[in-house]
Structures are given as C-alpha cells and as structure tokens.
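Here chain A shows up in two complexes: once beside chain B, once beside chain C.
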Partner chain A sequence: MRSVLGDRKTILILLGPALLVYTVIMVVPVLVSFGLTFFDGTALFGFDFAGFSNYVQLFSDAQVRDALVFTLKYALLTTILQVVLGYGLALIYQFMLRKSSALIRTIVFFPVILPTVAVGILYSKLFQSAPVDGLANELLVNVGLSGVDWLGAGDTAFIVIVIMDVWRSIGFYGVLIFSGLLDIPDEIIESARIDGARGFSLFRNIILPSTLPILFASFIFSINGTVKVFDSVFALTSGGPGSSTTPLTLYMYRTAFQFSDYGYGSTIALLLTIICLIITLFIFRSSRRDNTR
Partner chain B sequence: MSTATTRRLRKPVLSALALASVSALALTACAGGSGDAVTTFTFTKNAENTTTEPILQALVEGECKAENEAAPLEINSIPQAEIDAQMQLLASQDGLPVMFSAGGNPAEGAKLWEAGAIADLDAKLTELGVRDMISDGAVSTIEKLYGGAFNFLPYQYNIEGIFYNKALFAENGWEVPTTWAELTDLAAEVKAAGLTPLSASGEQGWPLTRLVSGYLFRSLGADALQKVADGEAKLTDPEYVAGAQAIADLGAAGYFGANVTSLDYDAATNEFLSGKAAMIYMGSWLLGNINGDGNQIGADNVGFFKFPEVEGGAGSIDDYPANVGLPATFAAKTIDDPNVEAWLSCIASNYGNAALAQGQITGFKATDDVDLPEISQTIADEISNSSNSVLWFEALFNAEASQISSTNAALLVTGQLSAEEFMTMVQTALDK
Partner chain C sequence: MTETVAMTSVRPVNRRSRPVSRFLRRIPSYLTIALLLVVTGYPLLWMFFNSLKSNRDFLNSPSYTLPEEWMWSNYARAWETGNLAVTISNSLLAVVPSVILIALLGTAAGFALEVMVWKGRNGVLLTFLAGIMIPGQMILLPLFTAFFNLRFSGSLLPLIIIYTAIGMPLTVFMMATYFRAIPREVFEASTIDGASMLRSFWSIGLPMVRNAIFTVAIVQFFLLWNDLLFALVFAGQRKLNTIQIGLLNFSGEYGAIDYGPLFAAICITTAGILVIYLFLNQRIMKGLAAGAVKG
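Right after this comes the complex of A and B.
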C-alpha cells in the first residue's frame, strides 16, 4: 500500500483527473472573475480595459454600503440567534428530554430540509397583510393590536427574514451541538454534581468549556452561510421594498445579470470573498488561541 | 517474451486510447450545427405571457398547419426578468432562437438591434408582401421604443387608461372625471363611501409609475420623457418632481387602499373585479380578465375613460399611453431561411384574425368581422381613433433605472421616500 501511495507518479495519476476537473470548474472561473474586475462592458458589445474604475466605483457606491451593512447586520443577528437557540435546544435534548428526544429532534430538524423558496413563500403568506391578513396579523388583531404591513417596510421585513431563517436552521444547530454534548463523559458531570455544581455553575464550568470546539465550528458554519444569504431573501422580498433588504449577494446578482455589468458585479463578488476570508481567519485565530490555554 | 514488457506496452496504449475517446466525446459536443437549415421553429417567450401561446397554437392547428409540418413550433418559457440578459448572452454566442420575446426593458432590446443580432422586419415583411398587415400605430410605437426601426412584431397592442365600475358610479352619482382636480375630488368621495378609489399593485411598481408618467405627459407635453432620455431635461427638475409629488399625494390621502406595497398584480385586479375598488389604471390587456370568468362585477359593468388632463398643462387628453406589450423578434441569423420566411408570412397574415377571435386586440390588422363584447369594442374604437401615442415612465430607461423605479414606487406612495428622493434615485441610475 505504502509503495503505491508513496510513489509520486502514482499520486499524480490518481489525483490528476480530479484536480483537473476541480481547477477547470472552480479555480479558473474565480481567476476569470478576478480578471473581469479590471474590465468594463457587456457580453454583446465586448469588454474594454477599465483599470481601477470599478474599484473606485465600489468605494463610492452608496448601494454597496447599504448592502454591506444589511449583510453584516443580518449575518451577526442570525448567527447569534441560530447558535444560541440551537445550543439551548441541545441542552433540552440532553438534560430534559434524554431518551425521548429522538422524536422531537426529528420534528425540529424538518424545516432544514425544506427548500428555501418554499419556506419563503410560506412566510410571505404567514406575514401577509394584503389583500387579507395572514396568520401573524390575525393573531395581532385578536390580541387587540392593529395589523402590520410586515413586508411593506425594511425594518419589519428584516425581522421576518431573521425569524424565517432562524426557524429554518435551528434544528440543524440543535443536532450539531447535541452531538458535542454527547461527547462529554458522564463521569465528569457526575463528579461535578458530587462536588455541588448545579444548574448554571455546572453549565458555565463544565459543559460550556467542553463544547467550545463545536461551538466555534457552529459559528464559522453559520456566519459563512449567512454572509452569503441569497435564496431566502430573494424568495421572500426580492430585496424589497426598494432595496432595503438587499444583501451583497443579491446586489451582485442584479448588477452582473440584470444590468449586464459583469465587471462591476465581479468587483462586488471580490468584496464578498474578502469579507468571508476575513471572518474565517478571525474565527480560526481566536479558536487557536483558546486551545493553547 | 516476459510479462514485464507486455505490461509496459499495455499501459501507454491503454492510456492513449482513454485520452482519445474522452477528447472525442468532448469534441462531439462542440460540433453544433452552423449553417444548418432551420428544422424547428424555436420560440422563447417570457413565462408571464399567457396570451401569445394560445393564438400561435390556434394558427398551428389552422392556417399555419403546413408551415408547422415543415418546421414544428417549439415554445420555451423563461422568467421575464431574465430574458434580456439571456438573449444578450445567446446573441454574443451566435445561438439565438428563431423567435424570442423582448424583455421588460426596450433599451436592452434596442441594444440587440445595434449589435445587428435581430432582423429588419420592415424590409423582410415588405419582401414577403405582408407589410400592410401591421397597424401603423403599432409600428410607430415600436420605432419609438426599439432604436428607431421596425424590428419587433406587435403581438400585443395596448392602450392604457382608467377602467371604472359603472354600477358604483351610477349608484353614488359620480361622474367620469376629465381633469386631474376632478379625479382627486372623486377619489375623496369614493374613499368617504368606504371603497378603494384606485386599485394598484405596489409589489409590481409599474402601475404606480404609469400614473407618474401619465401626469407628466399631461402637464409637460407628449415629449416629456423623450427629453429626459435625450438629456435635455432631468427627472430632478422641479416640474418633473411635481409629477411624482402628485402621485405621492394620492398615496398620502390613502386613495390606493391599505397595504398597497404588498399587493401583487392579481390581487390588485381582483380588488377591482370584485367591486371593492371603484377604478383601476390598466391597459387593454385587462380585457382578457374582464371578459373572463373571474369578473364578479360583470363585463357590461366595466367602463373606460382616458387619463384626465392637468389644468394648464401642455399635453392633451387625447395622447394615449400605448405600448406593444412584450413584442417578439426574429434572429437575424435565421431570418432568411425559407421555413422561417414561410412562418413569418403566415403569422403576419393570420395573427390579427386569430387573436380577435379570442378577444385579443393586437398590432396586426384583422380582416374578419368579429362581434366583440361592448368594452372590447369601446377599446377597439378608441385605438382606431387615437392620433398620438405616448410611452410610459420606464420605456426609455436602462435596466438599472427601470429596476430602481419599479421597486421604489411603492415607497413613494406610502411616504417612505419623498418625491425628490425618488426622482433623484432614478436620475442617478439614468446618468450611469
């Protein structure tokens, strides 16, 4: 076995086709996209070299700034809610439900496998205000408050989007962190209980430190996913009303494919890539610092 | 011979064979037909268009049966928002379908004309001897929209105005308004009676911006938006902002009903057709719904009046906002194929009649005499009597300005954007 895998030529032949396919499909388009950031034009009339004008436009474009703020606002809020509530769910599975948690886990996980567009349509009907009130407004009216045009203003639409995405992913993070909780040896918890740790102190001193690795993994996973949000926002509000719920991905899609401005769209994509890179590096650095304690 | 040498020979031969077969497979994909005769009449349309396909199917089974046998009709649908980008991409790859619909932005369609990707229908129809089957009003609208040439077929020809509920007007003693002031007074009375004065879809956006352009054409003249397109005027000029302000005032007074932002197109038309709204600004494509089963107020109950004039304005009440819906065009590459010419000739000669038989008014002349429902006859008469047509707000905008205009229209009428801010946003996109 070692003689096969130790031989350079063999490795090349085994890896070659897959590496070639990967390079052609993944790496080459990324490089072409980076190259496009220095050009201006359309597919129909050709591209002209434009130097750094796309970058200059990027820094002065108010819409990019709004989209960036929205993306970061959304990513942070959704990540925190998803992971924290997922953690809470995991604790419920482990300590409250114990053996009977399998059924609850499955039911709560169900929204994760639903198509995002279907969930978007579901929520647009739930929070409908015209022509008839949806469920949310009906509840408000029954309690005595007045209905709200949820998708009619940027702030309320933002709330709906966050609720929708947290509802959708909470089952996933619950199961993920639950697997981390299962790894904690029972003896440690037993001995901590004997030492008098109860409830919150048990959580803070034993459970939380043991699950830090999986917690970090969840944060990275979540933030990388939420920074690149597209389908749920597109399905629910299409970026509207106006452009108040337009994340960077949607703005990039519009610029490149609807306004046919591939050069500037590629520049926005580059900005998004750099943001994801920075976030991932930041989280990796802080996680590495913790492990060496 | 030792097994070592045979093994050494087999490996390179096998790998060479593998490489050859893989590249052969890859190359067959590239061997697409260039210069082949057209054997399928491919038509790519926007998915939202439900009016053209039934007429074409009627032609397939009727007058164009022979042409269909030579080159069968094959219809593909893609979302309207993506047609412009898709067709431009296909044009750059020389892979356009034989016939395809325009996207929502005439400016993008005009780009295809500049690039020489679409056919000159004026020349081709004259060559085929069927040029006179297209109505002149439709041709002039097309020339205004698509780069000054007749290069799109008017499968739809619509005029716009305000449809109203005759019974409600009679019951409450309301009169058809002819000036803007009369319209706003009427709207106040309708609102006081507990109904929605004007039904409009904020989610779509364009029903609201149609009102803005209607006002601008009446107050500043029929060339109001052509001046903006030519750069002689800006949307941020005070007289243009006043137009947006007039519509914002309607919204502020609540004349569009509650929650106009989330109302989609079907819900808005249903508001009118179920009697909850007294009026709706719409085009003659609504005739399909009016004469159809979903009309709860009855087709005889629907009236039509022109967009009112603005007192002291330079425009005339007889300037009709008209459009050709989403017309279709032919790729320049395949237009000279005999099968395509046969199809084009058959469509030009028979589309008008086939459409009228299904109650649709198009830019093709109809030679048959058909009994139309009263409201359709009213519209048909108005069309034949119309002398001057005007376009609409986004007609001459680029894709980005059009997008910004339609997505922010609802914010204008709900007061979240001031008229000044709205016009500034659109003008900024126009200046790009």
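Right after this comes the complex of A and C.
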C-alpha cells in the first residue's frame, strides 16, 4: 500500500510538468532578478557589473520614496475600504435583503470581472473635466458646487483611483464575507436574540467574532492585491500627473522599459517583493497567535 | 410566506400588519437596493448611452442625457479602428491554452502533493505557495531577456508559457485543498483493488474533483484575461495585442477625439464578459471567493 501511494514514477509523471514550469518560469527568474540588482544594462546591449550602486541609488532616490509612500497609502486605504464596505454590504445581504439578495449580489459582483483597462478608461471619462465635464463634475455643478480637475492633481487623482478600485471590487468582498455570515448557525443568532441582544450588541458580541476568520482572509487577499496595484492605475492615470500617482510596480516598469535600466528595475522589484514578504510573514504570525488563543 | 415566518419567528412580530405598514417597514431595504443598483449599474449604463452619441452630441449636451441620434455606426467603427477582432482572438489564443494547461498540470500536481505519500511534499507545496506572494515585476526582466535571446518574440508562445506558470501556485494549492476533502480510504480501496496510482488519479481522482477543476479554471481565466503587465511586455506588437493592450492603445490614439467609438469598444469587451457571466455567475462568484479563502 505504502509503496503504491508513494510510487516515485507516478509522482514524477504527475508533479514533474507543473514543478518544471513553475521552477523555470518563476523560481529561477526570481533568483536571476536578484542577481541583476548587481548589474547595469539591458537585454539588448548586455550587462556590466555594478556592485552595490543600484542599492545606493535606491536609498537616495526621491522617486522611490514617493512611489513607496503612494503604494502604502493606497494599499492601506483601499484595503480598509474594501473590507469594511464589503462587510457592510454582506450585512445588508444577510440581514436586510435576506432571501431576495441573490439578484442584487449578482449585479453588484459584475464589475469584479470586467477588464481593468476598460474600467480605468471608463473612470477617466467619468471624472474628466476637459474638454467637457464628466458625470462626477456634472453632479457637483448641478448641486451648486464647482467642478474639480480630478485627474489634474495628484491628491484628487489618488481619490479617483481609490474610488474606482473600491467600486470594482466591493461586490467581491461582499460575496466573500457574506459566505462567512451564512456559516453562522441560525440557532446562535436566535438564542442571542432571546437573550436580549439587539442591533449593535448582537453584531459586536456574536456576528463579528464568528466572522473573524473570513474577515482575516479578506484582509490578506485585499492587501496582497493592493500592494501590487498596476493595471488600474496604468489605465486611469498612467502614474500622472507627473509621477504623483506612480506605485512601485509602475515605477519599476518605467525604469526597465522606458529608461532601459534593468538592474535598477530589478532592485525596485526586489524592494516590492520584500514588502510583500514582510506583509505575508506578518499575517502568518498574527494568524498563528489567533489560533493559539 | 411572510405569514409563516412571522408565526414561527421568536420575535413578537405584529402578525396582522397591513400591507401599507409592511411597505413602510421595507422602505429602507428598497432604498438600499436602489442605491446599490445605481452605484453599480449607472456607470455602465452611462457608458452605453455615450457609446451611441456623435462627437458633437457628446461635447455639447450633458453626458447623462440620452443620445440625440442613436449612432450604432460607432460600434462598427470601434470594431474596425479598435482592431477588436484581432485583440479579442489574441486574448483567447493566449488565455484558453494557458487555462487548460494550468488545470491539467495543477490538478495532477495537487494530487501528487496531497494524496500520494512521500518525503518532502510539504516543502514542495510551500514552495508553490510562496509563488502567490511574488509580484510579476520580480520575474519580468529575466523572462524578457531569456525570450528575447531565444528569439521567441513575435508569437504568443511566451505569454502562454508565462501564464501557465503564474497560474500554478494558486491552482496547485486550491486543488490540494480539494483533494484533502476526499477521504483517503477511497484511494486506498482502489489500490487494494489493484489500480496503479496513475489509474486512480485518472479514473477516481479526476472525476471526483471535476467541479473544482472547473472552478479553478474560471478563476484563472479571469485573472489572466485581466493581465496587463506581461501583455505589455510580451504582446506589445500590434499583431499580438491582447484586449487590454488594444483598449489602452485605442484610448490613447482615438480616445481624446472620438468618444463614441471608444465607449463602444469598451461596451463590446464588457458585453462579451457579461454574456459569460449571465451563464456562469454563481460558479464565478463561488469560484473567486474560494480562491481568496484558500489562497
């Protein structure tokens, strides 16, 4: 029995192809990319050894600092909004719309699967101010306020990016957390109601604790995606105006393909990877602690 | 229906509530539904109406008005100048083979890692898992250099190979989780009956996780369909443009002067997705949620 379940040839046949593709296309390039951080040059003209100069540049580069700040600010705000609003949506599905929520869930989910570039272009038109006002400014003007040049300044463009990404993904988090709410046995909620728990205290003492695992999963998934934000920003502002809405991902792309600096591009990619690693480890540790409690 | 709920419910609900007061009680939920529908649906509807306007109409009347004249010709122009036939088929040609490969290889690997017993399988599973965290930027440049040196550029092959690899971590992990749910006795019994593990995988394992494979395939389809980074680098030539690149170029070249066709191009790509979604929405929603929880 053991020998059949552990048959080497079968393991090789089943696991081999996947492991080979994964190793050649992901594991090896990660290592090569790390090696590239010590070089200058491009694929076209070859590479020169550069020692630690890329790292020195990384720590003194104001653009890296700006991109890092943008990435973290965006990731934190968007993650919090996605999870909190998603939670609110799930509560609406479960306790307000109840059985009739299926259709609404389906409709609100739809933007999740739209091509990100399509959504980006749509939002650039919704929030445009020239040559004519988009929908957002028309609303402002109609209630007596003046229009805003949304995409003309970094701060307002940031707001539009966050709004867009929350709009795009809110249905997803609604459904995700809703599936967690469904797992709470009805008897628990009923008995808490008999004990006099209502409204907020019911939420605080019964619902919130039982949805902590799914809330945690949503948080992980969200932050893992928002730290790597690329396509929606690329399509909406392409990092501008100036470089005020450039996340690390986009700065790396520009460094490598517009300024043809592969070594420095790899160094920025490494910084991004280390941030992802730190977040993952942090999440791992805090999830361990939760389990032992 | 509501009557029985009210009777069995523990709460002392006013049983003989008149229709009017019932309607009043439901106003908040009606308002919520309306708000959700407007916030989600209106931008899409707005885009649809504007896709049917002439340029003059778009520039001169408020954007929320209906088109003066319904310009269906915008769609024909979007289809032609937007290169949509090419970009859509390129996206399909890159994504569909990748998804099939991912499902095939990922399921086999998940089986080998979860059902079969050998030393080091946890280590390999963890190695796959680590891939979920790696940003695409970290593998982009070595891959570009390698494919450039291999003279592979000029076809969609690099994209298919890369997509297959980046889909692997999540798929292997999800499939391992699905195989974990199957009692081990099933495979032990088939082994006693004399089946080899390869046979058990093919005749027992695969059929039992058929639904899961479909779920995984849907998740990967949408993740890859929306890829921009690798498409930018490996499908930059016009004949290789995927749908995302095509839209980007179209909005760059014509978007500032030709609004109708731009909106029409977005509507066309959205409509394609909408059709798939109409048929598979429950599967898609469950699948993507499962991917998040397991990942």
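Miscellaneous remarks
Everything that follows uses one rule, which is that the second predicted complex is superposed on the first by the 285 of 293 C-alpha atoms of A that agree within 3 Å, B and C clash if a C-alpha of one lies under 4 Å from a C-alpha of the other, contacts with A are read in each partner's own complex, and residues count from 1 in each chain.
Keep this in mind: a contact is a pair of C-beta atoms (placed from the backbone, for glycine too) under 8 Å apart; a residue touches a chain by one contact, two chains touch by 3 or more.
Being a predicted model, the structure only gives us computed values, none of them experimental.
Using the contact criterion defined above for the overlaid structures, shared-chain residue A:239 touches chain B, although it does not reach chain C. In the superposition on chain A, A:149 makes contact with chain B only, not with chain C. Contact with neither chain B nor chain C is seen for A:182 once the two complexes are overlaid on the shared chain.
By the touch criterion stated above, A:278 is placed in contact with neither chain B nor chain C.
Legend: residue contacts after superposition of the two complexes on their common chain; A:257 is shown touching both chain B and chain C.
By the touch criterion defined above, A:45 reaches chain B but does not reach chain C.
In the superposition on chain A, A:135 makes contact with chain C only, not with chain B. Legend: residue contacts after superposition of the two complexes on their common chain; A:208 is shown touching neither chain B nor chain C. Set against each other, chain B and chain C differ in how many residues of chain A they touch, and the higher count belongs to C. Shared contact residues of chain A with chain B and chain C: 43-44, 131, 257.
The part of chain C that touches chain A in the complex is made up of residues 10-11, 28-29, 32-33, 36-37, 39-41, 43-44, 46-47, 50, 58-59, 62-64, 105-106, 108-109, 111-113, 115-118, 124, 127-128, 131-146, 148-149, 161-162, 164-166, 168-169, 172, 187-188, 191-192, 196-198, 201, 222, 225-229, 232-233, 243-244, 247-248, 251, 255, 259, 262-263, 266, 269-270, 273-274, 277, 281-282, 284-285, 288-289, 292-293, 295.
Residues of chain A that touch chain B in their complex: 42-45, 128-131, 149-153, 238-243, 254, 257-260.
For chain A in complex with chain C, the touching residues are 1-2, 4-8, 10-11, 13-15, 17-19, 21-22, 24-30, 32-33, 36, 43-44, 89, 92, 96-97, 104-118, 121-126, 131-135, 138, 167, 171-172, 175-176, 179, 190, 193-194, 214, 217-218, 221, 224, 227-228, 230-231, 234-235, 249, 252-253, 256-257, 262, 265-266, 268-270, 272-273, 276-277, 280.
Residues 81-82, 84-85, 88-89, 91-92, 108, 111-112, 115, 117, 202-203, 257-263, 267, 270-271, 398-400, 403-404, 407-408, 410-411, 414, 416-417 of chain B touch chain A in their complex.
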